[in-house]
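Heads up, the next two complexes both have chain A, just with different partners, chain B and then chain C.
After this line comes the complex of A and B, so read on.
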């Protein structure tokens, strides 16, 4: 609808709250982060120090470790979680009996808070009473009796990333919704031609949900770049910084009031996110033209 | 014949995969609920054995000692207010963008929805500084504002898409009948957009209820602490009272699962709205 002259004021008034909050909590913080990353701000004083924060960060082993760990989270989610979700979405897409129940059950962990999931899995991995060690012990792998999964340098990262990989519900629901929008006519035609279920999945469903699959890959990367609760609550980045990720790193800088350094880490995190998004767009675009 | 065999193989494969993921999704939760009804001594025993007596007092202990009721009330108040404000603001903005023509509306829409892609956890230091500057540190209002703001891109996106789908004729008719801008929003669009509001609202509520890092960042006193941050204290407070911790985790999980089960279809439509665009 075209705007009448006397309604322009109302229009601006309707946009204003969202715009003000957006400016205050999205635009301003990013500018603020950028500015303070070039200072030695400690909560009271701030002096311009140029690129010192960045140079110090890139010389820190624990920071490099945080970046590589974040990349592990992103890459494993993109190449394991999302394809698994696709497989399950394809299996459920044939509307076999009870598919709605399965969809609900698989999605439930996604509405439970990360804090609760972290505490649940910390208990599963617990050395004394944990579920995992009990099961391993009972199937004959008694080497793992009393193994401290999250406290051990070798297994901490694998345990953390490993358990989160198998929560596929979110991406599965997105892809399942897309399969529901595919016209039945395609499948009817394929049935007449005598196509098997696997052929129908491969040649009809897969090409159509390709773009949704790529969307899920992008979402998986963003979600895992933000990773905080699992690491903070289950290992706090330890043992020996083995499981450190960027947000936990920033949090630690914040708690010791090295706000300038923490801001620089934040800028690097946002830049990393932007780079990953551009890279994915590139990769996925060339893929769609093939 | 060969076709039948492949079909059998396919359905075996299918059920093995689906069932194993269902077990993965459900089993740890069942174990948690079972463990929360045991004594600490029984916990160290066989995890699958039912407890001799169901220890329901674990729950009453957790509720009393950790002040779970207060935590839940805090979370409810903060999440409800933040959801209400978020949906009000987002729907006003979405109404302006989706139903009117002005030259900068696409720029505005793109800018706000681009906020979905910003890894917000990188901004904890500026958030801390801004909330302190506004003198809102350790207040409910501070958390409400932050929760309202961080959910705006998603809500505005969902609601704009929803408003666009409502037929123009109804609004035009009311316009000719003399409805002004505000009346068109409140009396025509909002009632028609109720399913969309429910979708965005469910998303926003679950986001607020489950939020952890800002609650830890922006509050310090126990009187306004939210449940997610509250339960993370349990490991320290209870020392080795694991069953108490489990009971508290179970209590913290229940509300978001209840909201989800009630508004399931809405959550799933919301995810669909996002994917259709993608």
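After this line comes the complex of A and C, so read on.
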């Protein structure tokens, strides 16, 4: 659609509030973040230090670990959480008896405070009196009687990510909503052809909701790149920095008054997010979900 | 017709203006009268709430102060139940310059608070009124000043001797707490053989309990001036060697545990030995299993053989200080100072100390029936050859102190050696 010359003024006027707010609350803070990342700002004084913050960050094992863990969270979300949500959505789309109950139960974590859920799961994983160890012990796995799931290098990340699966309901609901919009004609035609339920799921439902699936993958990656509360509340990046993620790392830098270095970590995180999104767009072929 | 409309319009405008003027005058009078009689509200985000042993008496003191100053000053508490989150919030507030009216500041934040220049300078109030000079020990206030500025009023003191469960030790064949680490670990072995756990440890949050043990071992290995020697001193490695062994005799949930979990084990007689400040004394009775308080003994921490520390040496120092945000309103500043003075009246301090077991810098006549553990700790301080700072305060770097729990958990899990743990601390700088 061509914009007429006399319409430009009106257009600018209408988008001005959005542009101003966007600049004020998004562009300006990013510019401030970028500028402060080149200083040793401690909340009181600041001096220009060039790339020192970036060099120090990339020389820190715990920072590299934070990036790796974030990627681990993103990949897990893309290849486990969202596909699991897809499977559940396909199953629930059959509208079998009690499907609404399952849908509600799976969606409940979204409406409960994540802090409360994290505390609950920290108790479940507790080595001394946790429910998980109690169950494992009672089914004969006595080696796990006092296993410290969140305090063990080998199991801390897995326990955290396992817990995060309880948020599968969010993506499930998005995909389920899409299945509701599929015309019944396709299924009627498939029924006439004698297609089984699995064949209908694989050859009708799945291809139609592909674009929504890709959207969920992108959302999941973005959410997990910003991962903070579960890690902060359950392990605070420990033990031995093994579950460290970028936002917790930035938070830690701020609490020790290294705001300049925290800003540098923030800039790296934004760059990483942008790269991941570009990569995903390329991999998932943007036209299919736009 | 037009004339008529104009006339009506004029009357309407006059009426509206008249009503607006009356409303304006009424509002102005309301504002002026409310400002004239305004009650000054002082906000205090306090950590002495919830399960804290000082909660009851602090609440009473605030209520009494508010009653005595009804209509003119009102102190409002914002409950902050998590000490670490409180410190983090304060750090952010110092950076943004949005300090609360009153705050309790840990020793590690005093320097930052002073440098920020956002805290109320209490030095002029010391000179203008003899109250604080009368109630504080000589030089206590002067030594807390930097360049003649008093950004925080020293308030709570602490030492962290070992507290141990005499019953569990006796069952393991020990009547006396060992005075060196070789004997201490033999005792731990005996306690473990008896089906109990020797020590309460933690790496969650700031690793408080374990950090106190580390501080004790550090002062024992390198002497009370260890922090002046820097992280290259071998004492830091030796102290981590002690901690490495200590984690062989602790609960399975120690890694990642917070102070509630670590203290809870001792309160429930699941562990035999625990280290914390005197403020925990009241909780042995209020939260411990029945009879726990009677079974508790107090001792100086064990010594490292061949170390530079001295037997009976304690760690401790200044705990919480009272500070206030800079005020532009002299009336509010005066109200804040009045409340701070109220908190430092010797009788009020004695009440706080009596109920919680906490120690304060203010000279207060304590009752004769103070808790036995408090008296034993006080005695320990007077007998101690030194009271060295704890690691968190002595090391002089928020970043290193914050990395300590991670280094300790790495050590406890066998991920790094004691030398590696020190390297993690050095890397945090």
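Keep in mind that, in the parts below, the second predicted complex is superposed on the first by the 260 of 290 C-alpha atoms of A that agree within 3 Å, B and C clash if a C-alpha of one lies under 4 Å from a C-alpha of the other, contacts with A are read in each partner's own complex, and residues count from 1 in each chain.
In the analysis below, contacts are C-beta pairs under 8 Å (C-beta built on N, C-alpha and C of every residue); 3 or more make two chains touch, one makes a residue touch a chain.
Just so we're clear, the structure is a prediction, and the values are computed from it rather than from any experiment.
After superposition on the shared chain, which partner residues are touched by A:182: those of chain B (first), chain C (second), both, or neither?
The answer is neither, since A:182 touches no partner chain.
One more residue to check, A:127. First (chain B), second (chain C), both or neither?
It touches chain C, and chain B stays clear.
If you stack the two complexes on chain A, which partner ends up touching A:46: first (chain B), second (chain C), both, or neither?
Neither chain B nor chain C is touched by A:46.
Which partner does A:102 reach: the first (chain B), the second (chain C), both, or neither?
Only chain B is touched by A:102; chain C is not.
Touching A:206 in the superposition: chain B (first), chain C (second), both, neither?
A:206: touches no partner chain.
A:259 in the overlay: touching chain B, chain C, both, or neither? Say first, second, both or neither.
both
Report for A:284: first if it touches chain B alone, second if chain C alone, otherwise both or neither.
A:284 contacts neither chain B nor chain C.
So, A:195: does it touch chain B (first), chain C (second), both, or neither?
A:195 sits against neither chain B nor chain C.
Tell me which partner A:64 touches in the superposition: chain B (first), chain C (second), both or neither.
A:64: touches no partner chain.
Per the overlay, which chain contacts more chain A residues, chain B or chain C?
B
Could you pull out which residues of chain A sit against chain B in one structure and against chain C in the other?
128, 254, 259
Spell out the part of chain A that touches chain C in their complex, as residue ranges.
Those in contact with chain C are residues 42-45, 60-62, 126-128, 146-148, 150-153, 235-242, 252, 254-259.
Which part of chain B faces chain A closely enough to touch in the complex?
These residues of chain B touch chain A: 3, 6-7, 10, 14, 17-18, 21-22, 24-26, 28-29, 31-32, 35, 43-44, 46-47, 88-90, 92-93, 95-97, 99-102, 108, 111-112, 115, 117-130, 145-146, 148-150, 152-153, 156, 168, 171-172, 175, 180-182, 185, 206, 209-213, 217, 228-229, 231-232, 234-235, 242, 245-246, 249, 252-253, 256-257, 259-261, 264, 267-268, 271-272, 274-276, 278.
Can you check the complex and tell me which residues of chain A touch chain B?
Going through chain A, the ones touching chain B are 1-3, 7, 10-11, 14-15, 17-19, 21-22, 24-26, 28-30, 32-33, 36, 87-88, 91-92, 96, 102-109, 111-116, 119-121, 123-124, 128-129, 131, 134, 166-170, 173-175, 177-178, 181, 196-198, 211-212, 214-215, 222, 225-226, 228-229, 233, 246-247, 250-251, 253-254, 259, 262-263, 265-267, 269-270, 273, 277.
So in the complex, which bits of chain C are touching chain A?
The touching residues are 87-88, 91-92, 94-96, 112, 115-116, 203-205, 251-257, 397-399, 402, 405-407, 409-410, 412-413, 415-416, 427.
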